[in-house]
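Input: one structure, supplied below.
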Amino acid sequence: MRNLSLRTRVLTGSAVLAALGAGTFGAVSASAAAPAAETRAAVKADTANRNLQQSTHLTVSAATKAAEAVLDAAKKENQRVSVAVVDRNGNTIVSLRGDGAGPQSPESAVKKGYTAVSWNAPTSELVKRLAQAPNLKDIPGTLFLGGGAPVQVKGAPVAGIGVAGAPSGDLDEKFAQAGVASLAK
Amino acid sequence: MRNLSLRTRVLTGSAVLAALGAGTFGAVSASAAAPAAETRAAVKADTANRNLQQSTHLTVSAATKAAEAVLDAAKKENQRVSVAVVDRNGNTIVSLRGDGAGPQSPESAVKKGYTAVSWNAPTSELVKRLAQAPNLKDIPGTLFLGGGAPVQVKGAPVAGIGVAGAPSGDLDEKFAQAGVASLAK
Amino acid sequence: MRNLSLRTRVLTGSAVLAALGAGTFGAVSASAAAPAAETRAAVKADTANRNLQQSTHLTVSAATKAAEAVLDAAKKENQRVSVAVVDRNGNTIVSLRGDGAGPQSPESAVKKGYTAVSWNAPTSELVKRLAQAPNLKDIPGTLFLGGGAPVQVKGAPVAGIGVAGAPSGDLDEKFAQAGVASLAK
Amino acid sequence: MRNLSLRTRVLTGSAVLAALGAGTFGAVSASAAAPAAETRAAVKADTANRNLQQSTHLTVSAATKAAEAVLDAAKKENQRVSVAVVDRNGNTIVSLRGDGAGPQSPESAVKKGYTAVSWNAPTSELVKRLAQAPNLKDIPGTLFLGGGAPVQVKGAPVAGIGVAGAPSGDLDEKFAQAGVASLAK
Amino acid sequence: MRNLSLRTRVLTGSAVLAALGAGTFGAVSASAAAPAAETRAAVKADTANRNLQQSTHLTVSAATKAAEAVLDAAKKENQRVSVAVVDRNGNTIVSLRGDGAGPQSPESAVKKGYTAVSWNAPTSELVKRLAQAPNLKDIPGTLFLGGGAPVQVKGAPVAGIGVAGAPSGDLDEKFAQAGVASLAK
Amino acid sequence: MRNLSLRTRVLTGSAVLAALGAGTFGAVSASAAAPAAETRAAVKADTANRNLQQSTHLTVSAATKAAEAVLDAAKKENQRVSVAVVDRNGNTIVSLRGDGAGPQSPESAVKKGYTAVSWNAPTSELVKRLAQAPNLKDIPGTLFLGGGAPVQVKGAPVAGIGVAGAPSGDLDEKFAQAGVASLAK
Amino acid sequence: MRNLSLRTRVLTGSAVLAALGAGTFGAVSASAAAPAAETRAAVKADTANRNLQQSTHLTVSAATKAAEAVLDAAKKENQRVSVAVVDRNGNTIVSLRGDGAGPQSPESAVKKGYTAVSWNAPTSELVKRLAQAPNLKDIPGTLFLGGGAPVQVKGAPVAGIGVAGAPSGDLDEKFAQAGVASLAK
Amino acid sequence: MRNLSLRTRVLTGSAVLAALGAGTFGAVSASAAAPAAETRAAVKADTANRNLQQSTHLTVSAATKAAEAVLDAAKKENQRVSVAVVDRNGNTIVSLRGDGAGPQSPESAVKKGYTAVSWNAPTSELVKRLAQAPNLKDIPGTLFLGGGAPVQVKGAPVAGIGVAGAPSGDLDEKFAQAGVASLAK
């Protein structure tokens, strides 16, 4: 393993983090328009040791902050929702059952977040893809309803925020985007 | 914590219960026509201690009474059904497997009750919403078939009564509404 | 329904809340020593309308605050844990997967919180009861390992905080108690 | 198929029902002492048509009556429990989640009822058999804790009543037996 | 309990069995055309003791005979299928995984049998009802594909035979009907 | 691929079948005494094409015959049991729910058959191994109770027969062995 | 058991293996066009001993080679996918979670492989059959999306290769076919 | 975000990779002796952007190589086993069902790998800890039997290799360690 390849990796990483500083969190619409890009996960091959790779995750603190931003946004509009933040690996990092939200909302939120991070697109966009491939919605763990938004680092998905409980998926997704936006601050 | 805020909460609660005395149980159609209202759950923020909130539930005795009213109504029309009463939290309070009802009926009844309380509307109404958002029916725990009716306190859902086993969802729901009505007596 | 009975209920409620102001959150050891009391749940029969009852819950905001207090306490001792807050109804209100905590920790945390709120005692105490009734641990949803602590209102359980991931159950439970303590502040 | 064989079947059935009139419900202790008998289920071969057999079940009305008797008995001792009545086929006929009973109680009650009807003995007796065959408790659907009691017709099991939520299995089982006793009235 | 009521019950039973001798097994098409009848289960209220009811079941020997008749019929047409016989209570009495049948066939067979006995109609008929109520197919345990046939006693369902693995549901159902027919011999 | 290697394979196969003709079915005790041998499954590497291998299975007809032999043996001793035949791959080939057998018996039978074929030994023997490795019983799908017997071809397991419902595991296993013996006839 | 019947079986087997040498792996399109053939599984009745049958499987080594060929093909097109190889019995032989592939991909891959081997056709072909029988997709374990391809021996299915994670099912299936092709080399 | 903190992170990373070059893979015994260290997961806080963290994983290629090394080691000793490689997040990266391995082996292998990576110790060591905390084995997803070994980077767990199917857990674990060792080459 040479220093050189390590340095190369570092610089790449540096670029990523610098970009983040510039507020690329939540730049969802662009990559949603580019489906071919949506499978570029936030996993960088480690050039120095081919047995290992690195992946980027939200800290639990950041995920909690985003989830609380969702609940705040919903409260302002007098809506009762639940929220979940799901990792690129499909694991739920944060799940909050909102006061007075319906019993179906916590699991729906998890599934929306899972769907958003799996395809790296807002679930309201993904619903449209069912016109082409209706059985996508049979994939276990998914829910094709508005309310999920991906969290991206340089266009690659690191997490999905799912929201459920408002009277429409559009409202749910508005709150989810508020959660994404809170991470860029 | 001051007495004043407590008193305020009490008076609010008093209004709720007085309204109940006036027979608001089962006033389903109104709020079903107002989807924006359906997320107002029967949970009142406790203004005195911000860590706590109160929620309103049917007693098991009331829920059993309602379930038996369902079975009586079905028996009068010579139908064999199962019935369930599901809490606003999504927990099943009462489940009765009717004599001679089909094996699919107990779980169907639970899911209809769950669906009715989750959206605070009769499931026959909710079926119509699938025209707008067909994937609502993929939410875990739900069943979009006639036969579920919400139990409301001042328009907010406290439980759902689900019925299954009759030849049509309309019949199932008629019996479910008989259960709701029994609570106002 | 008469005003009088309502007032009675209110005064009772007032007593509860006043007691909370006096810091009874987390007074766990006392009631754990009194097993006969542990089934008194935080549910008060509504004397005015026999169909309804009220139950007391943590707000999601309070539950999140407690969960973050747990993570903070663990971080100070350089431990990586996950935490969950489970409602008296058995529903998970908050689940946080801690940075670097083992994959087994989120579900273990939920089960410890569930166990603590079900028996209204710290799970380290409940482990001892297995000497008498070893098959208690076969009850679905439970986990008899240190790390769970009940949240009480006047001795009755309203929630359970479960923690998992530290090298010992004692450490996990120390962090859980830090979460309970944060609610009394 | 001859009339004669039919008559034979009828007389047998008659004997069963007559015996019931004499109050054999709940005669649990006798057959519990005779483990060899516990596999005689309440299923009688139909001698006239060898493709068919008859089985005896509680009506849902009887099962509900028994479940409510359980809750009444518990209430008298100020205990909060859940109760279930499980059929000889293993299906749950009635499930009531008691006011304020712990979240673990409804499923525990089902499993205790299931265990009692499967082996046709009170679960407090069955716990003792684990000394001989400890892995009996690994059989899916079972729970080897006091609180389950079989409902018998002429010594054969037709249902099991399971109770959970009291501070001890002995208390739970006392209430379950009250439910069995209510059927003999 | 009087002899008279007992005799009444007996005569009814006698009629059932006599009818069976006359070959009413498998007279499916008639009742399928009469949906209102499909909820009349093979459960007869016991008029003498209101706590009990009787239900009619296939013996395991009869169910096995029917299942083997299915496999024989399939073999004659060189098809590889699996077969299941499901009780009116929803329990699987017999399950046979046919030689060389696809891995999806055993569970499909169970679900088809379950569906046929639940609605007391061949599943090929039930598929047509989805035009009216498309979400029927979301009921847990069901599969709306040709291949299931009810076993009836005087028009009431006692079991369902499900077959899966042939290239079409029509073929599967032809074999299922061969199983039903074998019971009338 | 040369004819020679094929012939070699054939002769091996021939030896297997000849041995079977000599009644090696059910020669259980020998290999149970030789734990090192119990992992030799009935899978023979195909020497001609290294991508493929052959495995030996019971036909569904043979498995059904064995299962019925089990029920006959139980009937002779007036016991009510369920039986299952499980493949070396872990798939259930035949499942028969015996008349009047307890509701826990069908799944117990499957698990005993699964356990017997997995370790190629009667489950009564396997129970003894728990003294050395008590957590073996935590392996999913297993049940360490008497009542399971392997079906062997030249000492290698091809299936397991599981029986449940009799008052003791010894009785269950006696019936299971009757099923194995029926295959050698 | 006579030598003659054995010889017959051998010659049949010889034909199979010879054909494989000629590269029949992956001749998918032909049999997909012949649905009637798709139920001929790779199971040959053993004419010498009617209790036994042989079935043909991929070795784990072959299955791993095929799965790695899939990942290599995907990598060349810069796609991140997961892959699974599922046996004719429905068991997963190999499952590889590709670097950076979405969390939904491993289970989707298993289901696509399962679907392809169950119907012995590429899943892109099977999707078209839903026009005739839309509820096929409700069969447990299946997923009707492009990306699954059967592995055949003389036209009979021995395994299915499923791929998921690329932006379209067509791409997924192209990689799956690369896996099938690798087996013919 | 400053360059300086980035450089710091890089150097740390460099140390990790250099250490790997020196063969620290599989240095299991040391850290197993230091339970306090076992919760140090391979997750490094990103000091530059507090919302993100990096985690280290095996590539699928490395995990497959290790799994094949396990099967090779088992083959040399004529044992038939299955193997799984489980990620620090609890996701299964590679699962190989070995030729002729028992049906219980694939899931057992996954659970052993999961257990090893969760506690960062060989499962043979973890079994001993049950003396102190016997209910550890009730944690979902775990299996406390020899046969699991952690894969470590600088002492922190990145994966677990689980093996099942050999006659003893010691043998299984020997093969698992061969898989770990293959990664250091």
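Note that the chains take the letters A, B, C, D, E, F, G and H in the order they are written out, and that residue 1 is the start of every chain.
Basically, contacts are C-beta pairs under 8 Å (C-beta built on N, C-alpha and C of every residue); 3 or more make two chains touch, one makes a residue touch a chain.
Every value quoted in this text rests on a predicted model; they were computed, and no experiment measured them.
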**OP:** From chain E, count the fewest steps through touching chains until chain H is reached.
**Re:** 2
Original post:
How many Å are there between the centre of chain C and the centre of chain E, using C-alpha atoms for each centre?
Top reply: 49
**OP:** Measure off the straight-line distance from the CA centroid of chain F to the CA centroid of chain G, and report it in whole Å.
**Re:** 28
Subject >> Distance from the mean Cα position of chain E to that of chain B, given in whole angstrom >> reply: 34
Original post:
Among the residues of chain G, which are close enough to touch at least two other chains?
Top reply: 43, 45, 53, 55, 59, 61, 87, 89-91, 99, 103
Original post:
Which chain pairs here would you call touching?
Top reply: A-B, A-C, A-G, A-H, B-C, B-D, B-E, C-D, C-H, D-E, D-F, E-F, E-G, F-G, F-H, G-H
Original post:
For the complex, which residues does chain A have touching chain B?
Top reply: 79-80, 99-104, 107-108, 111, 127, 130, 137, 143-145, 165-169
Subject >> chain C residues within the chain A interface of the complex >> reply: 59-61, 64, 68, 71, 91-99, 103, 106
Subject >> For the chain F and chain G complex, residues of the former touching the latter >> reply: 1, 3, 6-7, 9-10, 13-14, 17-18, 20-21, 25, 43, 45-46, 48-59, 61-62, 87, 89-91, 153, 158, 183
**OP:** Mind listing the chain A positions that touch chain G in their complex?
**Re:** 35-36, 38-43, 45, 53, 55, 87-91, 114, 117-119, 133, 135-136, 138-142
